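Each of the next two complexes has subunit A plus one other chain: subunit B in the first, subunit C in the second.
Our next item is the complex of A and B:
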């Protein structure tokens, strides 16, 4: 429709974002308020990033966004951009370009990021901060990106164990990251600013807890399809910001209203599923359409699970370390399995689907053990191989057969 | 009065139809699917009807299964082949608790309870290794008829080593083995053992219990069956016509649906 150079120019122009917001408001009038707030949050974040209002700090998923807000930067999450690009149906081209540099076994979200970097679509970072607690490849990949972009890279390497020794080790790393990051972005560290970010995060966290409680309702008020897109997107990108707090408050009120009205997102709920893994396929696919057609509600997804406790604005750095260390997808697998069993109980789950994202070892490594654990409790379980970002790895026929057969077992 | 039901299994390589009257299979057919699934479905059902000696109008319910199940407009319902293979195997061998189905492009292992209800299943991934298509390609490379491969595998005294299970790489490996002077029978045995190992490893992900019933076209290959039996070390049933188990399951499903309605 538009020539390539024009699209790229528009992407880099800060004015594009408020105009896009206006167009979005007109075209998507019927969307929920929380959804609109999410879109406006993204538009504002990237307007500011392209405008160079504050230093742009790239982080990977699960590096606490509070850290960036507390440092005075603008957090940009390339993995979320990859998911959006996949949703727009254009990830294939960027992934294909990246395949020149990376093995095709590398996570497609990372390959898409590299493709976007090669074509200069992303806001240039002043600094990249990554953490390896979920993905061991993250620090290596972001180091590679930093070299590609010629920008500084700081990394956090959380320990396996979350005992006092491990906590001390992590706190020392976060302190060092803060010290060096403040110097790189040339903004002196302010305890007050960090404390404010933590306070906003605490308030948003309270709403996340309430939202998750409401999602236990029958019929399910909110689908994991949305849970795995804008809800969890905001959980990893917006915590520590005013916009994040507003979004979570709005979403809570919307879901509360639905629960009070006994309004399920499906006309008739025949069974309830739990989705495991942090992502779902974001390109055009029929997975959740199959669930909807068959009356299989997916009231909850593992990624929405609130794993961290209350943070403390007076102990900001310790709190961030505790948040990282309490991540159920890092450290011993027992933490994850205990949480999954709790989710099965809390959300009255009939069957569990473990998405197995091509290129992700972190989550899929435990899939067999989780399967055994659930099968011992007579909870039907299926591993669904696929790819979250690369449509070339999506096999519609096989996916449909697997899912329909699984539902035939349940319904 | 007993009613007549039809099951249709539209697979990637072949399409099968079964006409069921009570517990009796009145007729069945197997045709190549080709490029036009609807045409294959029509042809298959017409052949089965002819063999059964009935009028099409006497069939009270059609159920389609297989990868082309959604492309059969005359089917009243459709259901996955996983459910159908379990139903078909349980009908023929009521003590069946596990099914291993090796079809044209898919292989599956299914477990069920004593009532035939599926408890778990696993399917191969996108790769066609360990399926009928793999055998078909190898038969082409060896210039051997597909139906002769089982016999030749059983006659072979030893298997040569085949290192790759990728259909493309294995084909070139087979060509090299022929050029190196290895006997055709030994290569075929290696191929059948490789398929069996692949399927066995996949099936082991489930809690496979006796009795095990084999279904799908590859179960006609005695070489694969014997190799699988030696891997499984459990009681294995092979139906007289393993290729129609999916279609039979679809017909049985039609009967259940009609009874329930």
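Our next item is the complex of A and C:
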């Protein structure tokens, strides 16, 4: 509809974002308040990023956003942008461009990011901070991006073991990252600013805990379809900001209202499923429509799991280290399996779906053990192979057959 | 899987494990290089998984490691971490250990790694009821340094295909015996391949089964002038014993050795390869990537960009863990060598 150069120009203009916000408010009047707050949070973040008001710091998922807010920067998460691009139905083109650089066996979210970078669609980072505790992709890809963009990169190498030795190692690294980042972005480190970010995160965390508790209700008030989009998106992007706190408070109030009214998101709930993996397919697909049609509620997803404890504003750095170390997807698989078994119990789960995202070794590598542990407890389990970002890897027929067979067994 | 060792045998998978600690405890380290046998593990690991990892798990499930006393893994990559989980769940060895090795260098990482090595030494000692003291580690480092020196010399006159085969023997031979064998080879200095005038290529990338790519290059009249592989020339220098605690020496040396792509510092890997190309006069680089090996898959574009700048042709090969080159690989290598051979 619009010429390419014009679209790119609009993307780079700060004024595009508040205008988009106004249009969104008019067109999406029926959306929930929390959903709108999420959209406005993203628009404000990217308006500020393109405006150059504060330094833009790219981080990968699970590098605590509190760190960036505490440093005085604007956090941008390329993986979330990939998901949004997939949702808009335009990821294929960017992934296709990146395929000439990266193997098609690598994560499609990273390939989409690379495609966006090649075409200069993303706000240029002043600094990249990434951590390696989740996957090898995060370790190598962000280094490559930094080299590609010619921008500084700081790296956090969380230890495998989360004992005292590991914690000391991680704390030393975070201190070093803060020192060097402050120098790179030229904003002196302020203990008060970091403490404030941690305080906002603590308050938001309390709401996340309450939301997750409410999600145990029958009928399910909130779908994992949304859990795996704006809820977890905000959990990794907004913690440490005022907007993040406001969003989590609003979402809590909305879900609370639904639970009080015994209002489920499905007209009739016939079974309850747990979705495993950090993501779901974001491009147009019918996976959650199949669940909805069959009356299979998905009240929870493992990405929503609140794995970290209360942070402490007086021990900001130690708290950030503890948050990283408590990640259930890092370290030995028992951390993840213990959490999954707890989710199965807490959310009264009848069946578990492990979405195996092509290119994700760290999560899919545990799918066999998780399945056997669940089967030992007579909990039906299915591995659903697919791709969260690349619609080319989506097979509607196979997916439907597989899911319907699984649901027939349950219902 | 060889048998008849006098000492207890511990299997290992990654060269970031300081074998010297095991050897100081009179334990025979045995590198696990399984035969291609991933089918058995297909039901336990995803289809998009490193075939080496699958083959290790496949052999473990078939009880091929029942004669060894333990397995030590490193947090090399996502695959190794999940292998550690799967082994413990499906086929737990009596001693299954994961040593945490940082992905970075520098004083913070070195100090942390030293602490982990100390813990490893104590855990090995406690499990096998042995005492591993500093003097024994020091002696083991000296012995390993002899191996490193002899391998360097052997590498200077041996064909790389033969060097890889020789090293594969070394992974399962007691250190002293292997050093004696190497001394013999170096003493005789038998140039076991005829001089070649064909294209000179650098072989780099992830671990694959055997030496078939090097053999293929040599069969096609090319020459592999350096095998930058963890089963090849990426041996590292002799470890200096200039500090009081040998664990300091091990920690420093293992983190700063010629890097595998698992390490974070992409520039160091690229600088290292650039220097190798210049030093060895390589005309092209063959990059062997094990299917689904993320550290090497993500490194490839940066390396290719650098080689493009240097006008050094780059041949990426995504390989299965099959132990043999298929027709397509053969054709591609042949075409690559022919291209390099054009004056």
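Quick note on the criterion: the second predicted complex is superposed on the first by the 411 of 411 C-alpha atoms of A that agree within 3 Å, B and C clash if a C-alpha of one lies under 4 Å from a C-alpha of the other, contacts with A are read in each partner's own complex, and residues count from 1 in each chain.
Criterion: contacts are C-beta pairs under 8 Å (C-beta built on N, C-alpha and C of every residue); 3 or more make two chains touch, one makes a residue touch a chain.
Keep in mind it's a predicted model, so treat the numbers as computed, not measured.
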item	value
Which superposed partner A:106 touches (first subunit B, second subunit C, both, neither)	second
Partner chain(s) touched by A:159 [first = subunit B, second = subunit C, both, neither]	second
Partner chain in contact with A:364 - subunit B first, subunit C second, else both or neither	second
Touched partner set for A:385, first subunit B, second subunit C, both or neither	both
Residue contacts on subunit A - larger count, subunit B or subunit C	C
First (subunit B), second (subunit C), both or neither touched by A:333	second
Residues of subunit A that lie at the interface with subunit B and also at the interface with subunit C	368, 385
Subunit C - residues contacting subunit A, complex	43-50, 75, 77-79, 81-86, 89-90, 98, 100, 102-104, 108-109, 112, 115-116, 119, 261-262, 264-267, 289, 291-292, 294-295, 297-302, 318
In the complex with subunit B, residue positions of subunit A that touch it	368, 375, 380-381, 385, 395, 397-398, 401-402, 404-405, 408-409
Interfacial residue positions of subunit A with respect to subunit C in the complex	101-103, 105-106, 110, 132, 135-137, 139-141, 143-144, 147-148, 155, 157, 159-161, 165-166, 168-169, 172-173, 176, 332-333, 356, 358-359, 361-362, 364-369, 372, 383, 385
Interfacial residue positions of subunit B with respect to subunit A in the complex	67, 79-83, 106, 117-121, 123, 125-126, 205, 207
